[in-house]
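By letter and in written order, the chains are A, B, C, D, E and F; residue numbering begins at 1 in each of them.
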Amino acid sequence: MKILWINPVGTAAFDEYIGDILKEGSRSGTKVDVVSLAEDRPKHLESHSYEAMVVADIVNITYQNNKKYDAIVIGCYYDVGLREAREVSGKAIVTAPCQSSLVYASFLGNSFSVLVGRRKWISKMEENVIGYGYGRGLCSMRPLGLGVHDFQADRDKTQARLLDEGRKAVEEDGAEVLILGCTIEYGFHETMQDKIGVPVIDAVIAPFKLAELMAETAEKFGWYPSRKWGSEPPSQKEIDEWGLFKEKESTYNYLTD
Amino acid sequence: MKILWINPVGTAAFDEYIGDILKEGSRSGTKVDVVSLAEDRPKHLESHSYEAMVVADIVNITYQNNKKYDAIVIGCYYDVGLREAREVSGKAIVTAPCQSSLVYASFLGNSFSVLVGRRKWISKMEENVIGYGYGRGLCSMRPLGLGVHDFQADRDKTQARLLDEGRKAVEEDGAEVLILGCTIEYGFHETMQDKIGVPVIDAVIAPFKLAELMAETAEKFGWYPSRKWGSEPPSQKEIDEWGLFKEKESTYNYLTD
Amino acid sequence: MKILWINPVGTAAFDEYIGDILKEGSRSGTKVDVVSLAEDRPKHLESHSYEAMVVADIVNITYQNNKKYDAIVIGCYYDVGLREAREVSGKAIVTAPCQSSLVYASFLGNSFSVLVGRRKWISKMEENVIGYGYGRGLCSMRPLGLGVHDFQADRDKTQARLLDEGRKAVEEDGAEVLILGCTIEYGFHETMQDKIGVPVIDAVIAPFKLAELMAETAEKFGWYPSRKWGSEPPSQKEIDEWGLFKEKESTYNYLTD
Amino acid sequence: MKILWINPVGTAAFDEYIGDILKEGSRSGTKVDVVSLAEDRPKHLESHSYEAMVVADIVNITYQNNKKYDAIVIGCYYDVGLREAREVSGKAIVTAPCQSSLVYASFLGNSFSVLVGRRKWISKMEENVIGYGYGRGLCSMRPLGLGVHDFQADRDKTQARLLDEGRKAVEEDGAEVLILGCTIEYGFHETMQDKIGVPVIDAVIAPFKLAELMAETAEKFGWYPSRKWGSEPPSQKEIDEWGLFKEKESTYNYLTD
Amino acid sequence: MKILWINPVGTAAFDEYIGDILKEGSRSGTKVDVVSLAEDRPKHLESHSYEAMVVADIVNITYQNNKKYDAIVIGCYYDVGLREAREVSGKAIVTAPCQSSLVYASFLGNSFSVLVGRRKWISKMEENVIGYGYGRGLCSMRPLGLGVHDFQADRDKTQARLLDEGRKAVEEDGAEVLILGCTIEYGFHETMQDKIGVPVIDAVIAPFKLAELMAETAEKFGWYPSRKWGSEPPSQKEIDEWGLFKEKESTYNYLTD
Amino acid sequence: MKILWINPVGTAAFDEYIGDILKEGSRSGTKVDVVSLAEDRPKHLESHSYEAMVVADIVNITYQNNKKYDAIVIGCYYDVGLREAREVSGKAIVTAPCQSSLVYASFLGNSFSVLVGRRKWISKMEENVIGYGYGRGLCSMRPLGLGVHDFQADRDKTQARLLDEGRKAVEEDGAEVLILGCTIEYGFHETMQDKIGVPVIDAVIAPFKLAELMAETAEKFGWYPSRKWGSEPPSQKEIDEWGLFKEKESTYNYLTD
């Protein structure tokens, strides 16, 4: 099984770390590649206008790789481009962190909180949670006051903030499960689980493991993405005539397993 | 990894068939056992009062096996006893068909229909779908006019009915994904997929594969069920003093791998 | 008119008290019996797995008494087994505390809070309130930090806690009506009303009085429970063949008027 | 116990009939009066601008009678003026047909349809059903193509239409309970129940019986309307200074028991 | 273009001020008249029973003026009589503050808070916000502890309270936009915007400007109010026969431009 | 006042037509420019992956023009890039067809249907309608079986289809208002209104007129877009350092007034 993780940002800084986490967390036999974008792309996606700069890349990458990989993961907790990428993924499964972490939260407890970087993020993330149907279980979205590039820069500080807000989410807001609301909040969930005593869902692992599962069940049981109604792909004739999704592969930085 | 499938009915008639499906569908290394209930239990759960007769069994079995198995699956599309069993499952994951099939439907398409046996079933099943948060994507619940024991008794008729209602669900109601709304509707999803052209989620396989996934991630990442607030288990002291969950294991029919 | 109150626990400790409250609160001509369960049943239902141990009893009692009583009340604020019991109640009305108290709250004010025993209870009770359609009016569920057996053990303490949390529910959370979220919180509503100045709905009286009303209107106007679709009862043939709902009556402790 | 039924229209044509139904349906000891409005008021309330012409009357009557009656019923299925009348009802209970019939529907089945006079009515009535929290159970609102003054004018025709649409609501739309969506659809529910086999809630009886219940429990248990927050009444000082709610009693046609 | 502003209270005290605001805020070519009610009407509408006293006036004024004005604005943040007036407005547009301010809030930000006079008001206003579909964006309704007649009586105090609660709404509750929840909170939005730094929607200007827009587009594009189904007007024959909507014009105080 | 209409497709085919409609529909003094995208962009946006190809352009154009125009309109009924463009619009208002047409529908009637090109479109458009809060009023989304480039190619056929589905939406589905669910369905609303008799909202005019209104009120009353929380723009420092939003203006086809 082959899975592609997209870091939809114009920096390869996180590719190796995330690649290592995925390899360590994968089943035997799963091969994981990571791809990030050209340098002229935003280095993080905290702003929605930055997301706008990378959606085409996510779709291009998905289209170009939909036969090479069994599943593709969009590595941003805004789940940016999920609907758009799924449309052109052919038989490949596409997953994303927010939707996937909510599956875990709903199987492991009755309620959850999301620990996000900044208040800025809450508006869209809350809309996503409600859009996916999980609004009832949402206790709170607690901002850490940290940006994407802060999380790994000063890990002690990040951990302290996560523990502090995580405890409040559990004790004050009533969360039974915690979700880390950014893929770059990786590497903290174990300590948090030990100290707080509730499951803490990592935004890298959750969508990856669901991708792995769904890639397996696609092949075994034919549970490929629907291609009906809203999931209908664009016509190949138009794609060819208009020259769409042709961005050179070399534009993207592939880190292959 | 060890998984226990509960057929929460007073007949072992389906145990072998389901056991075989699970074994064939499992990852290498997964061991699957099946258990069904004593003969004085209802032979199906189409009536809610019948469900009432087996909830205690589901909880007893879960409590007694929560250290022997990594995950336990409740084999009824009403998801009977899911909250109750999860409370006493310790570190074992508990899954059930309705919640699990909805995860598949939401990852593979924008909308879905459920093909149920009788109109009788719709009221509670619809409430479950809405309760899990997936009401927006529900196009229809279409009854086949068949009971639990009819599905495998005349497979040709069942298949004809499934194809007929499945096509209507897609073409008239707008479903992008179909769900088979009873565990005993097993063995039909592949033909349906071939003929109708949309993914058809089987109610046996879906909760089993999610159980397998979540058992793996529990062990690997510590994502065990929350034991906080609403997920808090009963006190061991009370259980012991009151002699709860002590039903003799021999009451149940275990079919071990 | 004859009404049966089910105390669905393995203790008769509360039967007389509740019987007395009901008799005092009944219309002239209403006869009230109380039944509790065998000693091997849980002594309270704070845990959902405990509920699982008594659902069959609730259904058995309902089935066996549906011609002897005009209405049956399930005496637990989780409304445990309500759907299941209603299915086999024949022409008898079945009511339960949560649904009934919400009727009162919605007729007497625009918003309400529920004073529950422990945070543990909130998850399911909130789901029930939302499921019944009253989510919009719910200001808060405030836990008292007391268990079912504490409420009457130290009545002064209970009353102090109820007044404290009740006042906060009104003043801070905006509740116009208070609901006591456990049948064993009986005997406090009058003092609370005097001191806090809003209606305080008792979880014993509310479902009983609605049972009394609906039993009257069933007879007078033919408003018996629907037996269509989701309310269809199981087939008598199956019940007989499978020997269901046959638990010996002597298993249960009837306190007759 | 004394209950006042308001026919909020400028005709006394229905007063006697409704008075008789109420007397026949009341408990022993209940005294029922009926009041209708001055002749210059609309003769029916099918239009919302007509409702606007009578809201002041409903409030005036409620204010002037809130010490003379234990409960007051607003006799229009739009529940016109319910919030406004409740504000000035003092210790008297105020009920109305839509809210009350929904209580019955939700206790007697899982789903319901409302049989209304004209499509015109549906928009506001549906909004009310959703506003009260019962949207999930609503299968359909089926118009009969009849106006308020048609229902009793040609009873055979009305009955035929009710049976026809009622059957469709049950068989096609899935309703387990039927509600008659106008107080002037009185006198049909019994035949409908006999012929269709599901409970049929009459819009006169339902709010009256709930008024009777709540008047009883107000006195017995102190469950009077909340007077807090949104239920706070206007200041008596202002009422007096501004001369409000002073409409002469003789303006209204009281039919006393 | 001619627009009529209704001050639905029994005092002309605010007519000139509001008239001036409207004239200053109008497009060139727009003519604005203001009308208020007879002296025996309530001087404010904080109580719902007071609203009941003026709904007929609002409908009468709308009916009598629906050919003289292109649009009519109901000047109370409860949006009192909006459905009723729209029914008889013919080709004239009818707008009201709550619905209109929500349009602004949803175009200018993701979330909003409403600054209301008293807690009393919140229950109905919140119901309106939810009824219009904007519940998701509502962060809070913060009461100022001031009545309608306080706002302009001590403007310094009002401004201090508005700034205080407005800042809390933004900083604590997460509002991106503020709405002034009473038409008599006029004259404060500019200072608030300067000091708090978010858009502050004035309840006089918002419905007026939408009225102006919709009057323009009615004429230009034929976008007049629907007269179908729930928007169907009453029959002219009935209106004439029953003598409805005939209140003498001289009853009302018109302040013409 | 200056307004920019973005035709977010790689063809200028519709620019003049839409420009003319806007000029004819504008107030005196409004200047309207139209811009479309480079030829390598998709010629329509029926597929979500096509939307992904143009979001960056929409954001670039918005960023580059936010001081030159008072308002910017995104000309696609998917409202593609609305959140993203609003973030970088500075003081300029950004509107889009779906959100704007819903404002009209909600002011002109109680319910509405949307006439879309293909079933494919419904999934996302319905999600948008629900996301904006207007789900309750949505009667139906009826597909015409026509693509974006068909609407103007055979206008007789389009009109016939629109009349046919529009009538069904009104008569069968209960719509009081119709919305044309594509900007290229321009030029039909007047005939439809004449023939069907309900308001028909054009997807070009609605967002343009709201843009015009909000540009006016921004300047007059300071009602500029919020820049707080979720509406906070990206940091200028990052934009400059990373060279974002710098696409050459000459890439885009501006049709200036």
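The criterion applied here is as follows: a contact is a pair of C-beta atoms (placed from the backbone, for glycine too) under 8 Å apart; a residue touches a chain by one contact, two chains touch by 3 or more.
Keep in mind the model is a prediction, meaning the values are calculated, not measured.
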Most remote chain relative to chain F, going by C-alpha centroids? C
Can you work out the whole-Å distance between the CA centroids of chain C and chain E? 45
Interchain centroid distance [CA atoms averaged], chain E/chain F, Å: 28
What's the distance between the Cα centroids of chain A and chain D, rounded to whole Å? 53
Among all residues of chain D, which ones touch two or more of the remaining chains? 110-111, 119, 122-123, 127, 136, 174, 176, 229-231
What's the complete list of touching chain pairs for this entry? A-B, A-C, A-E, A-F, B-C, B-D, B-F, C-D, C-E, D-E, D-F, E-F
Chain E partner contacts - residues on chain C that touch it in the complex: 110-111, 136, 174, 176
Write out the stretch or stretches of chain B touching chain A in their complex. 25, 27, 93, 95, 99, 103-104, 106-111, 132-137, 170, 174-177, 189-190, 193, 197-199, 201-202, 205, 209-210, 212-214, 216-217, 220-231
For chain A, which residues are in contact with chain E within the complex? 119, 122-123, 127, 130
Chain A-facing residues of chain F, complex: 10, 40, 42-43, 46-53, 55-56, 58-59, 63, 81, 83-85, 87-88, 119-124, 127, 131, 229-234, 238, 242-245
